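Letters A, B, C, D and E mark the chains in the order given here, with residues in each chain numbered from 1 onward.
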Amino acid sequence: MNVAATDAAVHVGLRGVTRIFGTDPRTRVNALGPIDLDLRRGEFFAVVGPSGCGKSTLFDIVAGLSPATDGTATFEGRPLDGRTVPEGVGVVFQEDASFAWLTVADNVAFGIRRAGLGAAEVKRRVDDTLAFMGLRDFAAAYPAQLSGGMRQRVCIARTLVQRPRLILLDEPFGALDQQTRLIMGEELLKLWRETGATVLLITHALDEAAMLADRVGVMSARPGRIIDLVETPWGKDRDSRVVADPRFGEITARLWTRLRDESMSALSQKAG
Amino acid sequence: EEIVVSNYGVSASGMPFAVAMEKGFFDGKVTGILSSQGGGTTVRNLLAGDIAYAEVSPIAVATAIRQGAALKIISNNVQTVSEFGWMVKTDSPIKTIADIKGRKLGYSSPRSVSQALAMLVVEKAGLKPSDVELVMTGGLGEALVALDLGAIDVAPATEPLLSKYREKYRVIATASELFPPMSNVVGVTTQAAAGKRGDFLRAIIAGRAKAVAFMKERPEEAAAIVAKVYKLEQPVALQAVRNLNDAKGALPYWSTGKFDLAGLKEMWRTQILVGAADGDIDWSRMIDESFLPEGERVLK
Amino acid sequence: MKRATAIRLALIAAIVLALELLTRTGIIARFVAPPPSEMVAGLWRLLLSGRVQPAIAQTLGKIAIACASAIVVGSAVGVAVQRSRAVADAMAPFFTAYYAVPVYAFYPLMIAIFGVGEAPQVVIGFMLAVVAVVVNTINALDRIPRVLRKTAAVYGMSPLEAARRIYLPHAGPYLATGVKLAVSYSFIGVIGAEFIMSRVGIGHEIVFAYNNFENEIMYPLILFVLLVAGTVNGLFYAWEKRLLSRRSRS
Amino acid sequence: MTSARNNLLVILALIALWQLAYWAIGDLALRPPLDTLRKAAALIASEGFTAHLAETMRAFALALGIAVVVGVGLGFCLGMSRLAGEVGEPLLVSFYSLPKITLYPIVLLIFGIGMPSKIAFGALHGIMPIAIFTLGALRNLPPVLGRTSRALRLSRWQSAWTVLLPAARPEIFTGLRLGFSLTLIGTLLGEMFASQRGIGFLLMQAIGLHDTDLIMALTLLIVAFAITASMALLAVDKRLRHGAA
Amino acid sequence: MNVAATDAAVHVGLRGVTRIFGTDPRTRVNALGPIDLDLRRGEFFAVVGPSGCGKSTLFDIVAGLSPATDGTATFEGRPLDGRTVPEGVGVVFQEDASFAWLTVADNVAFGIRRAGLGAAEVKRRVDDTLAFMGLRDFAAAYPAQLSGGMRQRVCIARTLVQRPRLILLDEPFGALDQQTRLIMGEELLKLWRETGATVLLITHALDEAAMLADRVGVMSARPGRIIDLVETPWGKDRDSRVVADPRFGEITARLWTRLRDESMSALSQKAG
């Protein structure tokens, strides 16, 4: 089911990746896999799947935040050790992870300042990123003064300013209402176009996945496997107007059908 | 070099040290006087603090030595319990200790000197222990509050508290009128210091003796010094010094250091009386007179 | 959990062993502290002699009263104060500064108010513990989600009923910190007060032994206090874990 | 602004309560607020008071420094590892239940008489509340902050210093406020065992001579100091919070 | 814009309702209205609107949880005083309001037990409600052992067991993923059909509103007013299959168009 790709084009490679939580045979949880998946350099890949299917588990493995129980995961050809996040990977979590004690500008500068960049260079990069994320007027504000969506933008900016080659987002807009989500989605697309980074977006909103991604991976109920890979026909310069395209309805319908059964089975699993 | 004095700045027993310090009687050998909570704390401070000399109650020293502490008693600093007195409210019908039958007599804390003396007062009044109710108040300051409240009828007090509150209450008896000499405070040193610091110890005893003499000769000047160190009004300090100087009895309150074995024994006996001590002890084996002037050595 | 307990016990054993060695080899003089083995033996003998049982009963009784009333009164006051953010904020600095009051200087006042019995010690234990409970109750209630307050309103509950049926049960696990501090402070308060103004009680026995250099009595008693406090804390710790486990996915 | 006004109102209420208590209990063991204030002013102006104050402050400052560093450090050690917390916390809390006076012989043995043991005694009182609050604060931090540290490739030490510490600061500050008061009282207690000057010495003298005026004046000064510090810490914390709820 | 209705048919009536927070003229917030709206007895009414437009404010007023600053709000002809929730009104909040210290059964029994119902009657009603909400197997579980969706069902059950004539729901599925939301929506429809209660549902999911409601009220950016009322053509026995109906697309498109402008203006308000 996985689309083959040449080595150089493969940015993230997963081969037979599984994850089991716990050691006690009675309580252990088969959370993920096996998963075989290649993310191509520069592609926008979205993952959808029922609640609890292992999306965040997969995310953590790709980020290098936790190890696979079996199989191998590589980033730019080098294996991930499951303890360190490699240089070049930027991570945005679902939860608000902005630093409440720092201004927006300091939040954004946090990572690159540590990396030892000169003050002028830090300032230049931070200003650019803030402008790009529409946060310029809030450089001196503290996160508590911002709305939830703006705080999430701060977290994204803090990641982007490091110029990651791989951007990982775990339901970054989960806390926002649908309308705001779509607007944020457009910004994300703009960003992706301008940086040329590879993006892995985990979401539970099917329309979001259909509109933003080049390819959408559909995961099964736990233990999550990729049960469908849907390629979208949009060009690089797409925006939220694709929702008017009749093919958009087709794609979401396909995703929805695939998921309805999986969701049902996930719900009954939870009950079990 | 510092020395430790129990309840310095509070209890009358330590007053000579204030005078000696102020008048330079220690020839600069003593740089400071640590005030310590009495009894066990003073002995512990002496032992753990790398200190050569402490003034403390003989009971604490004897108990410590019995438990294996390497201490020597080197001077007998206070020979009577004259600082004690008993007070009643001014309008109280109690005139003398004979009137305490059926009344409540206060003491500070269990197994303390004040408890022992309270029992002796009852005995002295010719009463049975059951004739008087002994009430514990926790401390001497607390006893005065209890007296005011009517929780007790008779409160114990010590100098300079006694002088301070002489106006407010009426003193019905003082210990010096009632009891024979009892050694209340002694000077001690560690065995290690006794071996090496002889000159220092002699200087302290001599300086203190000089201060005791000075207090007798020049009570006003002494009282001025005491008033400053003890944070007292000058008249109160003077009254306290006078009371203790002039207390009647076979021995003076402040001794120059000379031992009174009978007084030590008497003190031990009161402790047995209140159940704070048991058995006999041999004081002479704990005493080292070699730091006293030749003429004052009475045991050998 | 099991592993933590095992490590904890091992740690205690290690400390005890180290103390045993230090005292046996004389690095710590026997006059200062006897070996732990002798402390345990001493405690055993002391308990067998029956001499300290009344003191123990007295003290534990006083601690129980002080602690229980601190928890009850403290949570009530906490609930009352927390109802107004402004009041709670205005009182915050005073609650913590309260612990700087030299309580022992006010024994005469205690006597003036509570007389010369055993009551002042209970009061001191209570007074130390109650503020910790108040502060913690406020902290715990601050965490109550607004939706639960609204839910109380939906049921038309009076403030009292809401506190009893919703706020306090919800805050239960978070109140545990306050309860733990209340236990600590009632121990400290009651025993500390007994040092100075009691005829009976563990505190009195300890201070008497202290002044008489009876280490073979003093240390066993301190050990006993530690054991009792440890047991009580352990019970609360277990209770807290049980409350929390109900509220988390195992 | 309004918080300052409310604080003032509380102070006025406390003073009113104090005056009422005085009227109810009388002169026995209490002095009225105004007299006490006068006495306190006289005490501050009195000769030698600065020497006493300096002595206590030196010990207190050091004790507080130690209590903060050790308390926060201990809290971090136990708070950053679940296992360490489970092992250590019950031990800490039980040990804290012990009246500190029982530890005097041991402190004396280790630190000797004078300044060092005074400092140790003060620190001993303050460490535990600071550690307990730090521990609790870390335990309640959202896990995403730890994950963010890792995503930013911070070392354990960098994560503790640049992320966890600032994030846990509000609750740590509560611990610090409590620790401040308890360290202060601990230092004074230490001075009551053995000293030749210091606020604790003055207090002991006042208790011994049943000098209620002095007791009240000293207590007023001590408590006023603690309240001021507590308010200052609250204000600093508030400023650092930048309008967060 | 409001559809007139006869008195008896009007279950909830709002006339010129506004809400202003704060009294200081510099800081006060015009949060709502004026709103004129009648909820018909037995109808399923949904409210959509941009974030911060005053939906929850409106909700609180209808529930009797907070007073209108101006205008009148009535429930079954009697005015709401803004302090007490009238008998017959059931409220479900967006946030999880289950009682963590009670089992599922005790949670559900909470309200009716307080009302003094006999033990046998309480048990019968609780069992019925649990069965209806698919929670029978979890009667003895504590909320923490349930998934977010199941906990929300507990809250709904706790409300339903009291047999309210008016059910108010403020984004009750906000915490759930899209697939689970739709399944929950179907259960809600079933419930509405069986009880005949009036339902007011606040949501930010347009498809949810379009699928579930008889009428959808669209609110403007703050201060929220009703700028559109959309009637849906579905029958009472509808379910999630209506998403396949071409009219469904029309309705969501109309809602989306109305809202996009409003969302934009709400976002810029937040930034200000």
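In this text, a contact is a pair of C-beta atoms (placed from the backbone, for glycine too) under 8 Å apart; a residue touches a chain by one contact, two chains touch by 3 or more.
Because the structure is predicted, anything quoted here is derived from the model rather than measured.
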item: Most distant chain from chain A, judged by the mean position of its C-alpha atoms; value: B
item: Top-ranked pair of chains - ranking by C-beta pairs in contact; value: C-D
item: Centre-to-centre distance between chain E and chain A (centres being mean Cα positions), rounded to whole Å; value: 32
item: Chain centre separation in whole Å, for chain E relative to chain C (CA means); value: 47
item: Per-residue overlap in chain C, given as positions that touch at least 2 other chains; value: 32, 108-109, 111-112, 210
item: Shared-contact residues (touching 2 or more other chains) in chain B; value: 48, 139, 141, 144-145, 148-149
item: Interface hub residues of chain D, defined as touching at least two other chains; value: 28-29, 105, 109, 206-207, 210
item: Touching chain combinations (by label order); value: A-D, A-E, B-C, B-D, C-D, C-E
item: Residues of chain A touching chain E in the complex; value: 50-52, 137-138, 147, 149-150, 176-180, 183, 204-206, 249, 256, 259-260, 262-264, 267, 270-271
item: Residues on chain B engaged by chain D in the complex (per definition of touch); value: 2, 4, 7-11, 32-37, 41, 44-45, 48-51, 139-141, 144-145, 148-149, 160-161, 164, 230-232
item: Chain C residues touching chain B - in the complex, by the definition given at the top; value: 30-32, 107-109, 111-112, 115-116, 120, 196-199, 204, 208, 210-215
item: Of chain C, residues touching chain E in the complex; value: 145-148, 150-151, 153-156, 166, 169-170, 172, 243, 246-250
item: Chain B residues touching chain C - in the complex, by the definition given at the top; value: 39-40, 43, 47-48, 60, 63-64, 66-69, 109-111, 135-139, 141-142, 144-146, 148-149, 151-152, 276
